């Protein structure tokens, strides 16, 4: 078990109060697993991802533990975390295109960063060059300044630097969002390639785009309003989602080939609740077509089917119902 | 103009080379506060500013001190114990209860002189800031909005004005002029200190011009000047306010320089003038410290209060600088 | 004659401090939009698609070519005429946040329209009108009026902007990436709203980089690459039977829910790429987009007077396929570019003397040929 | 790069031309006539001699020629290094006087500007992350910055020279010691130099330190700094990077601030009667020594231009963006 997060709670301080961006989240990521973390903007997915490596000034760790490869990550202790950063856990940030110091050559930046982590650039240089080539950057990129590269190239340089020390866990935060389709595909494939080659052991890919995850993720976890909604392997989430939110999200995605004349898709009415003062019970209740009185109670995030966790009373009922039917049928 | 300038203005929150060198002017946080745009939209912003304004110690302190001095300038002369320029007592009197700041070489009451002088300093500061502000905003808006060759010409012009040290120029002009007025002084300060405002305003106009709401205003049939006034300028309001404060402070300081060299208002009385006379009439050698220390100290406090208020305001407008 | 007609519209940007170098952003783009027709303009960043939208909206001038609306030339319009033009042609942009001046309430966008176009209208009549358009875009007046932009969701903001356009007697709407910044759950609703407007006779230019969205909504599709049309035609034909290598490459790159990315050999002839062993080499997969991007880097941009030549990063033979084969015959031989004629020292010349006309001629796009009725494809280089 | 320099140099030439033209135009635009004003100094009684002298001087100064010719002559003289003859120190050449005064001013300005810039930036950067410094140096910075040069100079002269007698009050070198390479003479130079230097230094120092502090705070919030921290870079590295990037806007600020510093320097020289250009121009102004005045003006403008040129070069060296984008590569 590579990563194991238990009851993690992270708050985000804003002018109007604390926002519970990550509320009692428990999940794990296995070795070699690419886990997709999906959800709408403001659902806490980026906060969750970032909290595993670097708590920024306004983020606060309220509780819960994070274990990586059996060791506890001291996520609330900035200094103690330093030892793990880049080596054990690393990140390709959302702002990857502007993450490189504009006045340093990319090679120099890598050298300085590695020095901070107690490694010499010379030691990893051949590997560095190999990876630079792998992501399709020219060899000379080490001698170039960020502004000499396009946004997509800068992002790839960041990818390479972030993974230079073969971290156990890589957090890729919205790495495909700002890209055109062909670059999206290239970056998506690079991520799996990085895993396949063992540059990173496991990965959390944060995105709002489920179709990208359908391509590259092994498992998908869906967040809604700071809580986990559903987690299962990618195929199951895409083909047999149990949570009404996941279902609605998927059915609102136009795919190539779908035309309005043939199939009019529908969105999800309403807006997610404010996290400043989240409602009790299931947070999706107000937008959910299946909501019933039980939903006033908060649904637990439990494994309803093998390897398929859901936080939904309705789904729990359905699964129990079909199990019962099966049972009855078997009994008959 | 050059990419150097652009790199500078776009990458950092400073309008470099504000006459008060390096004071943080308002900068990239142009657009209504936070440079990152989107985040600034969360929350009722105006009230938020007020909320932070009254809680900002620097702003309250700076503004408070400044208000005291402004009041002294406005009503002070009515309460001054003596007329400013007349012999009211023997010369060289040490500070005492009767003459708070003693008397000068000429037997003037230094305290009364000071009270009267504040007015001129504020007047010149205000005039200078107003003129520089108007010119800087005008040129900045035009250059940033129109772009193209007009921008090139205005930028070149701005550059030339920067290259010519204004005090030196005024000394040369002053040598030919028989008399000076506070008005002339203020205007002159104004017409020589606008470039950094123009540069910053231009850069920001340039950025704001590319925002979609400007296009939308055009699609609504609005014309250029209306868009600049209604859509672009208000988004720089905080910046303009901060710039004005800096200009105000720097104008007063420049005026002290001018007055000290005898280039100030011929008839008037000003803080710089007091320094000038004290220097000319050997105040230094005669150890008449009460003659030249108070005016300079007053000026220092006036300007420092402005600077501190400016920093406070800046923190109010720009969340990044707020202490956490 | 379509309602909106673009005739060889080109745009060349000046760059460098003295405007020394000229960069073609649009190259002789021609197509038309009719009433009640949605045309999606699809292209990746830097393809010039937004520039085209701005040209139609008269926000930026075209360097050459003609835009006509209902038979009238648009490019020269100004003053009153332009004012009238905006009565019929309106736009909505990508970033809803940026479309609102954060200092004012959101419905100021309505107020501006009233000031300019409905100055004489009674308050009551105006309010009724506003309510009608809000209904059209399925917004509840109480939810959106008298609010600041940040109090509205992205979807509400965009719909409000469409409603603003509808206040006018709008016949053509330029929708520039209007849903790319919205959350998945609200995207479709905005799309569906556009469909219902189209059904009422509105012509829409739907600019997007997202093929699935373009496919979903549009009647016609125009694929733009480096400022030139590579393929265009009726949407089902373009998507169902793509001819140009570039279109195909885009289509294979689109992530789909129920189908994994098909292997696509970017470097060679697209259509015939065999899925040799199924094991995709990301390195080569990445190579093609890199070649595209290289254009922007120092080394490459220096030698690229026109993107046309830079795009040659990958050596390609003309695509197979019935239409393209014909196209190949019709294609003129490659003309030497200025750069090639000058050898290594082209840039001096380019900076000093190349004129707009030269750049336009130099960057002329490959010709389009009809591969089936209602489906045009560019001859591949 | 060549293009960048060509453009910059073009601007310098333009600015120089503008400066010289203003210099030429001022006497001709001002109310009254410079020759009349000049003649007023002689307190002539007879109208006849006045007219005769008027004609003579008009001819001597070229005021009788058409304006265009006057302008042309002006440039011609300038190129021949001829700035005219001083009246105040007749018959000394203006160029000689400027050449004598300039070293004093340079000795004052160059160290003051460079040191205040370097130290101010350092201290400001440290203050950005140390609360103690932030609470001590910064308030001082604001205070120094708010001080009128004249007053700070007077206060320093009064306290450190007049009362404590640590330094001489006025002048540029010790009186009564022959100039030469002797310890006594050099010590005289240094001790006279120190207070004016201190004045100019302190005021600028305040500005730079405050500017730097704010810039570094800003830089520490940028994406690249966040990335460095997220990857566990040592805080020293993050700060070093932030400092490096913050120096750039400070440098363009330096170019803009030159005029102000020069102004302050003039006032300071006047207070200390330091024999530099500032003092000289003040004397020229009060004595209405027009050719001296105009000569100094041209010299100062040339100095500002040279300083700007140097700053430009440094900027190009430390900012790769200018260095490379100027090659026309990045549009």
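Each chain gets a letter, A, B, C and D, in the order it is written, and its residues are counted from 1.
Simple rule for what comes next: a contact is a pair of C-beta atoms (placed from the backbone, for glycine too) under 8 Å apart; a residue touches a chain by one contact, two chains touch by 3 or more.
Only a predicted model underlies this, so the values are computations on that prediction, with no experimental measurement involved.
Compared with subunit A, the chain whose C-alpha mean position is the greatest distance off is D.
Annotation: B-D is the more contact-rich of the chain pairs B-D and A-C, by number of C-beta pairs in contact. Separating the centre of subunit B from that of subunit D, both taken as means of CA atoms, is a distance of 21 Å.
Subunit A and subunit C have Cα centroids lying 31 Å from one another. The centroid of the Cα atoms in subunit B and the matching centroid in subunit C are 48 Å apart. Each chain gets a centre from the mean of its Cα atoms; for subunit A and subunit B, those two points are 50 Å apart. In subunit B, the residues touching two or more other chains are 2-3, 11, 42-43.
Residues of subunit A found to touch two or more other chains are 102, 148.
Residue positions of subunit C with contacts to 2 or more other chains are 17, 298.
Residues of subunit B touching subunit D in their complex: 1-5, 7-9, 11-14, 16-24, 28, 156, 159-160, 162-169, 171-178, 195-196, 249-250, 253-254, 256-257, 260-262, 271-272, 275-276, 278-279, 284-285, 287, 289, 292-293, 295-297, 299-304, 306-308, 311, 320-321. Note for the complex: subunit D touches subunit B at residues 4, 7-8, 11, 14-15, 18-19, 22-23, 26-27, 30-32, 34, 37, 120, 142-143, 145-152, 154-155, 157-158, 162-163, 169, 204, 207-212, 214-215, 217-219, 221, 245-246, 248-264, 266-267, 270-271, 281-282, 284-286, 288, 290, 293-294, 296-297, 300-301, 304-305, 308, 312, 315-316, 319, 321-322, 325-326.
Across the complex, subunit D meets subunit A through its residues 222-224, 226-234, 237, 241, 244-245, 248, 318-321, 324-325, 329-330. Of all residues in subunit C, those touching subunit A in their complex are 44-45, 153, 155, 183-189, 191-192, 195, 209-213, 215-217, 235-236, 239, 249-258, 260-261, 280, 282-283, 285-290, 292-294, 296-299. On the side of subunit A, the complex with subunit D involves touching residues 50, 53-54, 56, 81-86, 90-91, 93, 95, 98-105, 112-113, 115-117, 145, 147-148, 158, 161-162.
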